[in-house]
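Okay, got some structures for you below.
Each of the two complexes below includes chain A, the first together with chain B, the second together with chain C.
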Partner chain A sequence: MNKMTEGMERKIVIPGELIVAGEEYLPGEGTEKNGSEIVALRYGLAEESNHLVKVIALSGVYQPRIGNVVIGKVENITFYGWVISIDAADDAFLPLQEVPKYVSKEGLSEVLDIGDMVVAKIIGVNTRGIDLTIKSRGLERIDDGLVIKINPNKVPRVIGKEGSMINLIKDNSGCNITVGQNGLIWILGKNIEDELLVKKVINFITEKSFISGLTEEVEEWFKNEKGGNK
Partner chain B sequence: MAEGTFKRTDGRGVEEMRPMKAEVGVVPNADGSAMFSFGNTVAIAAVYGPGKMHPQHSQNPEKGTLRCNYNMLSFSVSDRIRPGPSRRSTEISKITEWSLEPALMIKRYPSMVVDVYIHIIQADASTRCAGINAAALALAHAGIPMKGMISSVSIGKLDKQLVVDVDKNEEDWEEGEGATDIPITMTQDGEITHIQLDGKINGEELKQAIELARKATKEIYEVQKKALKGSVDLNKK
Partner chain C sequence: MKTPRVTANRIDEYLSSGKRFDGRKLNEFREISIETGISKKAEGSARVRIGKTEVLVGIKMDVAAPYPDSPNKGNLMVTSELLPLSSSRFESGPPKFPAIELGRLIDRAIRESKFVDFEKLCIKEGEKVWSIFVDIYSINADGNLVDAAGIGALAALKTAKFPKYDEETGKVIYDEHTDVSVPLSKEIPIVTTIYKIGKSLIVDPTQEEEDACEARVVIGGTAEGTIFSMQKGDAKEISIEEMNKVLELSKESKKNVFSKIEKFLK
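Presenting the complex of A and B:
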């Protein structure tokens, strides 16, 4: 287990459970302050840093947030844009104006047709729905490669601290990988073997997501895998 | 009510519950799931959502909706029961919704629905209590924000004796005043979210029954807590 600088240890909490008591602590995501006590509001992993206590979700559906890059599938085409399913509670909408080139009203299906997959960024979340854009670098239609689905709560482990894990996978496999925050991952490699190797290592990470020193473990995994293939 | 003189059919003490078992993550395709059992009564609950509410006219833009579905499988009892919804299962579904809702914080999910499917795979009385316990576990496992856990137990009155966690033999008690079944659901702080009663009982005895339930739900809470915490091993290699 990681050594914490100070304060409490990481632990699994259940709803209604007291995490820490003390006036100096502040309630973060998934917690509530009750007098001087910080109480969990959901099941997850409680963590404390700089007196801010939060509960990291271990399960549940994806909660969309502004700025998240997600991978979705075109469900429907309307006059003004595309309805895209991103595996969240609500469907998302990609309006015509958020496409980086001119599209005529008749040409919508040429840009994105029903069933196409797309990498997009969330620019708005409100009661009416989720708004998307593809007007940025790296946001585009998926034409080739492999898309896999993992538990969206494991996405931070796949990316790693400052992208350490994802860069390690990219370096070792030579594949281009786009991780959607909603748990969909797009893998684009030179050949299908490389892509399947990435799929395998990502499944390995999601299974072992709780251990510390996971990056070293994955490095070891790649060594074994390459040794075994020779 | 002299203790020690009363004999329960299976030899348990009057305040003793049947052995309980709980486990989360039993349905891999659900967003959250759990199994809970009291002796031979086994319930499985699966939670899906929050997701879009269908049909659209049922959407509530002010807050999210909890939708429970209690179902007893045809092989759960010795005389096969007709599968599908019945008067009894519709009632228990509604009761389950009401007993869980006070603890849920689904205000944050307007126009959405959280679906809970409860299946009784083996029945030996107290099925609604086992169902509620499983559902509370499954909701927590699905990461739904909650103020606390919910635990449920049935208190019985056999003739003049109060007992905790009634089984099928006791439910059919015929001596003296007969059997009265009182399912009670409580939050972890001991607040009642659900109480049902059909039969005869006086006010004093009802107060005692609630006190017994308060003690029993504490025990159930510990079992639920252990199940949720035990499902993740932080030091797994």
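Presenting the complex of A and C:
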């Protein structure tokens, strides 16, 4: 077993694959300790720092976390709120009191009807389920625009370092873009062509997510795309 | 997740101006590619790709008793399985409505067109006939599985060769294939589906577009215009004027598809 160098080498592992052996290592996210061996539980990139071994997943469904902004679809209306599908293993729940205005028990479907899309924030993940809120800036019902779905593990690439990628796309397309951590993306532009341009560039990013210097590549992409249109 | 309503509205809006999200025309198919003979064990097989959609079709043959109402005709059985690997919407287990429907749509087109000469599949009247099993598997579902399965069934049947049959023991020897092809007629049933979104009619939708569609008509027929089978699906209605447009578009798309798959059917 070749020892991994501190925070440098990343290797691709598959579930069940031995990442590193030795009592000094601790299992982190996406890994499991089996005797003295650290074994991968997810398909992804394995990395180690300060003896903590973890796997950055490259595929699989979205794992809900507190504080994540997600985009969901209203699946059902109950007496106390809305059941919302966020494309995770379980459905989420948006309670009545987490809506920023007073809602009567009869008026639930006027706020959010079945099939509506909504930008919401996760405020709780526990054994009872996932709880959402829309009591914050930028959290609202989606009335217009385009909602597309990408692999949730590629969301960090679409956003980029400190939002560099998403700002680049916003500047070049003039669209408003909200990226849900669950892989759903809401694009709202002045016309459909602009929105489709964003859809196209996001697909380009997800396909090329493994290369470094992606921001420059996308800049180049926009130049070509604009040059070709004129 | 199914395409959200907001996206569906955008698709409809864009179609009204005569454009599609991927830049195709309303009556334009994605690229069709066909590979035949992909399975060594099957009597005939084909892999069909339409854009990102991919299906496998295999033909198996067996000797069985004929049905009492057709003692001198062979049997045909078309089944399909929508594999969980092809889409997050499909679950393993007994076939559900979409899988059963897919099999029956293809079955009906082949059967009613008399594409397969069933009388030539008879070995001994009332006792032994050849049974043809057409199995359809979805490998990747990105819309328009029906048309892909239809093309696959044609290509697989075309390449299928009878296995050896031992008359004395009454057993089929699957390890040895003869050079005899399945008896086919010249009436080639091409299955094409016309989808209605808002007021627009389109062919070959992607999954996104298929979700947005409100009605569809599956038509099996020849490129010359003969119609063998037809089925309407989904909730919305289709007016008489629209139906005329559907038939026109269907004929046009059959010609289009036929020109692309012609070389595999010779």
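Miscellaneous remarks
Here, the second predicted complex is superposed on the first by the 194 of 230 C-alpha atoms of A that agree within 3 Å, B and C clash if a C-alpha of one lies under 4 Å from a C-alpha of the other, contacts with A are read in each partner's own complex, and residues count from 1 in each chain.
Please note the rule applied: a contact is a pair of C-beta atoms (placed from the backbone, for glycine too) under 8 Å apart; a residue touches a chain by one contact, two chains touch by 3 or more.
Quantities reported herein were computed from a predicted structural model and do not represent experimental measurements.
Once the two complexes are laid over each other on the shared chain, residue contacts for A:D90 go to chain B alone; chain C is not touched. Of the two partner chains placed around the shared chain by superposition, neither chain B nor chain C is touched by A:Y80. After overlaying the two complexes on the shared chain, residue contacts for A:V147 are found with chain C alone; chain B is out of touch. By the touch criterion defined above, A:G60 lies against chain B but remains apart from chain C after alignment on the C-alpha atoms of chain A. On chain C, the positions that touch chain A within their shared complex are 1, 4-7, 10, 13-14, 21.
Residues 1, 10-12, 14-17, 30, 41-45, 57-61, 89-91, 127, 153, 208, 210-211 of chain A are the ones touching chain B in the complex.
Those residues of chain B whose C-beta lies close enough to touch chain A in the complex are 31-32, 49-52, 61, 103, 105, 109-112, 140-149, 187-188, 224-225, 228-229, 232-237. Interface of chain A with chain C (complex): residues 73, 85, 87, 115-117, 142-149, 184, 192, 195-196, 199.
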